[in-house]
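Take a look at the structures below.
Next come two complexes built around chain A: one with chain B, the other with chain C.
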Partner chain A sequence: MTTIAPNRVRSSAGRLWREYGWAYLFILAPVLLFLVFTLYPVVSALIMSFQQYNIMNSTWIGFDNYERLFQDATFWKSMRNTVIFTVCTVPVNIIITFVLSYLIYQMKTKWQTFFKATLYLPAVASGVTISIVWLAIFDPTNVGLLNRFLEWFGLDPVIWLGQSKTALFSLILMNWLGSHGAGIILYLASMGGVPKSLYEAADIDHASGWTKFTRITWPLLKPTTLYLLVTGVITSFQVFISVYMMTQGGPNFATTTIAYLIYQTAFQFYEFGLASAQSFVLAFLIILVSVIQFKYFSSDVEY
Partner chain B sequence: MKKRLCLGLVLVMMLISACSNSGGKEAANRPDAKDTITVWTYPVHGTYEDELKGLVADFQKEHPNITVKTEVLSWAEGPKKFDVALNAGSPPDLYFHSVDGTYVNTGLALDLDPFMTNEIKNDYLPGTLALAQIGGKQYGLPLYQFQWGWGGNKRILEEAGIDWAAIQQNGWTWSEFETAAAKLTKKLPDGSTQYPLVTDGTSLDFIEMLSRNNNMPDVLDESGAFQWNDDRILGTLSFIKGLLDKGYLPKETSAIAPAKRSDMFYAGQAAIISKAIPYYDVMIQNRNKDIDAGTVKGEKIDFVLLPVPHKDDAPAKTTMGAEGYIAFKQKNDKGEQHAKNTFLVLDYLSGAKAGNSSNELVLPFVRKSQAEQYAGKALGTEETIKASEIMAKNMAMPVTLKLDTAIAAKMKQFKEQVVTPNMQALYSGEKTPEAVAEDFKSKGSQMLGK
Partner chain C sequence: MARVEFRNVRKQFDDQNKQTFTAVAGSDFVINDKEFVVFVGPSGCGKTTSLRMIAGLEQQTSGDIVIGERIVNNLHPKDRDIAMVFQDYALYPHMTIRENLSFGLKNLKKPKAYIEQKVQEAASILGLDDMLERKPRELSGGQRQRVALGRAIVRDPQVFLFDEPLSNLDAKLRIQMRVELGELHKRLGATIVYVTHDQVEAMTLGERIVVMNKGVIQQVASPTELYANPRNMFVAGFIGSPAMNFIDARVEEERIRIDGAEFVLSQDAAEGLKSYNGREIILGIRPEHIYGEDFAPGVSTEHQMQAHIKVVEHLGSENLVYFRIGSRTVTAKVHPETKAYSNLSKQFIFDLNKARYFDPATEERIDW
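Moving on, here comes the complex of A and B:
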């Protein structure tokens, strides 16, 4: 058995420090930030999910919070609402974003800039402000913009946010019409990156517009589409502001999403342990869905 | 040698800092030691922020060693900010709210009984101090008594021939209300409807006030017995459903937010609104002044404070309670002297001069010294003050003050998880009163026992 002399260890550590010391010093700040603001809260929340939390005296209760969670009808309803919201918003949003980007891409540069700025505006405004505007649009009386519109066609006003059958759809509609700015910027950047020579070659072969789209444009925009799909699913699984501002999860739990349920459990009922368990179930779901998306949609994507 | 010297220096410094720390604690426990008290509050009334600044300045003149740091929170976001701070173990020393069992449950609410002198106790009007107690222990000092009722538009009531003064004096029953409601329903020239009553569909004030006027103090009574499980709650729900079916409440009630309810009142589309507080009198007087000055457009309104009608065979009850400052300690307790200083500030912010809040809000005073200080300076109209006094005679105390804190917390959860969604379903016509009452009964038995 060979032994390394302590002096040799010290000298190699010293050399490591001399050669890479500054590099370690520079990454120390982000590592510390990660440890304090990400890892520590996550580990604390994980521990809390196995506790009946009280600031002065928490008690360890094992998997009780998780058991309670899976037996809770409201949790399953919120899960159902979240899945419906995600399934209805993400694909439709990607299609709308893509079509808008495609249309804008055909325009002259100054018009492209105008539309990019206009469509990006909602992304700059706070979710709270946008929700207030939409509250006025969904006003249940004939003062509301949407009900005025229906009135022109001789239809009765709809209580958009006050009925179970329309409340979740109203939030979906709001999402369809207002969250395309970032996606458009990404798609336009990607479209600009598609080599012109490919289209010229297709023109020589007398390819139709549809063929050029399906064989050139769409395949080359797949990485962007995958990115938008993954981030879109993550964002919509965490939908909170519009629910909080517009419906408070109602009526009759029709718009309660998992993120809103977590908020309610923690800050209305002070059940931080249960809320932590709900958060970990949500995190697990998001990871699972993201892995599935990468596995099945990224097979022919080149980065 | 150098190393030893360094080690020695470090040890000496540690020793010095340890000594100075314990010396610091001793110093902090002296009554004249410097201390800082944090106060989180709300814009209690239009000029409260200025009033608070004045009170704090006066206090600091008398107690130069105590710094009072105040923060005025928004009504919308403040409660969440406080909840986070409380559950992180670092609440402010004083927080403006009504005493709540969930706060006491954290173990951080400060028991004020050791600091309550006979002079302070005797200054409070009978029954008012109890409004900030839980389980007989004092956790806060009331600043004013809140009072919930309904609010009417005098012009609309008089046009329909409703004797509002008699209602203020004698109260009214559900049948009498329905008779009045029939007279108050009409189409307005602009095509919109004038509703006899408009409430918001997001809060539980409406069902709580009506059920109190049908012999139910709350979901639970003071002994913790479940109340919303029999014909009384079914009768109350059926009364509400009847109002919706007859068009006495808007069919859009499930989607009406408090702000929309106020808008409808100002637009003359609501003869009566639920809930209203006596302060609306001052608010609406100010709005009328703004209309005169041309800064606000709309019809000037004369406000009428009305009691909530009671079921024909049940006694009238007015929902009342108290709001004021609650004292807290932190997870890292700052010691006995800090608690004493907190109480000093608490008493000052709830003292005679602070009675201006009751005066502004047109609410009954809680302390004799406040009533004396503001005698003859009332801001509300004589009618509202008188109506408020009559309503106060039928005061229904919050049952949460007598309930065990854990049971009070369960009742709060029952309201949020069961009552709120069911009321929304009732307002939107998705559930019948019978189905709602059955849900209350079954889920109430599970969550609250019998």
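Moving on, here comes the complex of A and C:
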């Protein structure tokens, strides 16, 4: 018995390899990619955030970077900008997405397909391209599309991106009118998943159009809304491309978001340690907000 | 008060290829106040469509629908004073049972106390008292079905519409609910229109049955009438299990000839079939009206024929004997003490008084 056991173990290990070897090999590729391009940068950034970073010799400085960043007025300003941007864009975007989906859902299949495709199109274009288009729209002279529009109503041209008063709002406006395609696809899918008989039952139950909307449609679409809310907040906290392309955080830090601040700290001022610390504060914030959203909103979600 | 009437009601659908498809072809019937009427027929025959037209969920292409004293053609479902139980129950998944039950009354802006009382009443009738705070997904199929019923009951409608409410339940529960539905009808004293494809359900529940096929009403009659005097071969074959046997026969003077055997017809039958003399007809006879020659108490032994038995099925309370006549397989439901063995020949007795005759061309019953 005892002499057989090791043999059996070895042969079963061999069999395991023969049967699943390829599988492990395939798993290995993404695992390696994850280790090299995600885990390693994250861990080294974490270490960096406690260092005075230098390519040749970094020095360990404990929590100094974190102390510095919390005393930095620009950090708080960028935090404020990011929060304003998020609060102003995410809910409005969800409402716009929802209304568009609701309208499209009532259409004939042919038109549904048309609008789905059209509204999804911006998602395919790169953020850079879209920003260039919007630069033209926001042009401060009366060549700009928006200013020309104001001119019709006899209003003076506005320096949209060039003054503190309107710069952040301009980015928010651009975001409102940006891509809702992905959200629309999601909403349409879950609207299609609500059984038609529920609405028929509600019709018989004397429900008005508004009651059907508030008591059936909206609650049943809540999981989708929650998903869009959480992912929307996460992307919004990391808003970067439009800031980088259109305002470079200016004027006077009016549009500096955390993500842009991190970029500046790292790649313009080469303070990699401080930038890492900022990144971790941002990451912590995102996790915190996401958890709160799930806790608060998912209590009465019907999956 | 709450009678329902169809006056030449048609419903056509346009499919994707712009073909019109007639789902209901000119229905005419009257459902009386407090009556339990069942629509029965094979899948796709237009039962659900008919029910949905009563509910107002589907607009008829032509014809009039009357509920109570009103023509309701253009009335919204909510104004027709009906309640419907859907095949998939259509319970609101995110609401508790209490909310599901009270949803309609809340929309009607009924006082809180009234709603509370109605919900309690329905819950105790249906045995749902302990489940009012649960969500539909926490309930079994049978309990959900009750909630769907309850949602209809609380509204006190003039007419209840049921679309195959038992089809998602297992066999045992189905029988239990069938009994309860019958009791509920007596208790509520309401008009009920009930759709099913199951002829047993139709026979046990219906005071009158509307048999449909391919959008056309075949017969409207009480269960016993339907069973004894089916108007055509479709109804004869659809109602009853095992189904009625159809045997090719030929009328010759006062006799009919079946595959070599010859039966003398009764005077009535001979008179009635006179015009078919020398022609083919179809003799319809139910399995329980064929006896083994050794066990046929109280049955006239006049009409006998020899046949070769293919299979015998023992069901305990009865035996099903399958034998051939010509190219057709005939089923006899015989007493279990009847001696019958597969692959042997046996003498069978036909109770021709209970037989019905059909015209092979029109498939209508030949009447006299």
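Following the convention adopted for this analysis, the second predicted complex is superposed on the first by the 277 of 303 C-alpha atoms of A that agree within 3 Å, B and C clash if a C-alpha of one lies under 4 Å from a C-alpha of the other, contacts with A are read in each partner's own complex, and residues count from 1 in each chain.
What we mean here is this: a contact is a pair of C-beta atoms (placed from the backbone, for glycine too) under 8 Å apart; a residue touches a chain by one contact, two chains touch by 3 or more.
Everything numeric in this text was worked out from a predicted model, so none of it was measured.
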Next item on the list: Give one word, clash or fit, describing how chain B and chain C relate on chain A after superposing.
Entry: fit
Note to self: Just to be sure I read the superposition right, which of the two partners does A:Phe114 touch: chain B = first, chain C = second, or both, or neither?
What the structure shows: neither
Next item on the list: Report for A:Trp60: first if it touches chain B alone, second if chain C alone, otherwise both or neither.
Entry: neither
Next item on the list: For A:Phe149, decide between first (touching chain B), second (touching chain C), both and neither.
Entry: neither
Check: For the overlaid structures, how many degrees, to the nearest 10, lie between chain B and chain C at the C-alpha centre of chain A?
Finding: 150
Checklist line | Which of chain B and chain C A:Thr211 touches, first, second, both or neither | finding: second
Next item on the list: State whether A:Pro195 touches chain B only (first), chain C only (second), both chains, or neither.
Entry: second
Item checked: Touching partner for A:Tyr24 - first (chain B), second (chain C), both, neither -> neither
Notebook entry, point to check: Of chain B and chain C, which one touches more of chain A's residues?
Noted result: B
Notebook entry, point to check: Looking at the overlay, does A:Leu220 come into contact with chain B only (first), chain C only (second), both, or neither?
Noted result: second
Margin query: Contact-wise, after the overlay, does A:Asp203 reach chain B, chain C, both or neither (first, second, both, neither)?
Written below: second
Notebook entry, point to check: With both complexes placed on chain A, how many Å separate the closest C-alpha atoms of chain B and chain C?
Noted result: 52
Next item on the list: Report the residues of chain B in contact with chain A in the complex, numbered from low to high.
Entry: 80, 83-84, 86-89, 102, 105-108, 191-192, 201-202, 250-257, 260, 331, 409, 412-413, 416-417, 420-422, 424-425, 427-428, 430-431
Checklist line | In the complex, chain A residues that touch chain C | finding: 195, 197-198, 200-208, 211, 215-216, 219-220, 300, 302
Note to self: Going by the contact rule set out above, which residues of chain C touch chain A in the complex?
What the structure shows: 55-57, 76-78, 82-84, 86, 88, 90, 92-95, 103-104, 107-108, 135, 151, 155
Next item on the list: Mind listing the chain A positions that touch chain B in their complex?
Entry: 54-57, 74, 135, 138-142, 157, 159-164, 248, 250-253, 264, 266-270, 272
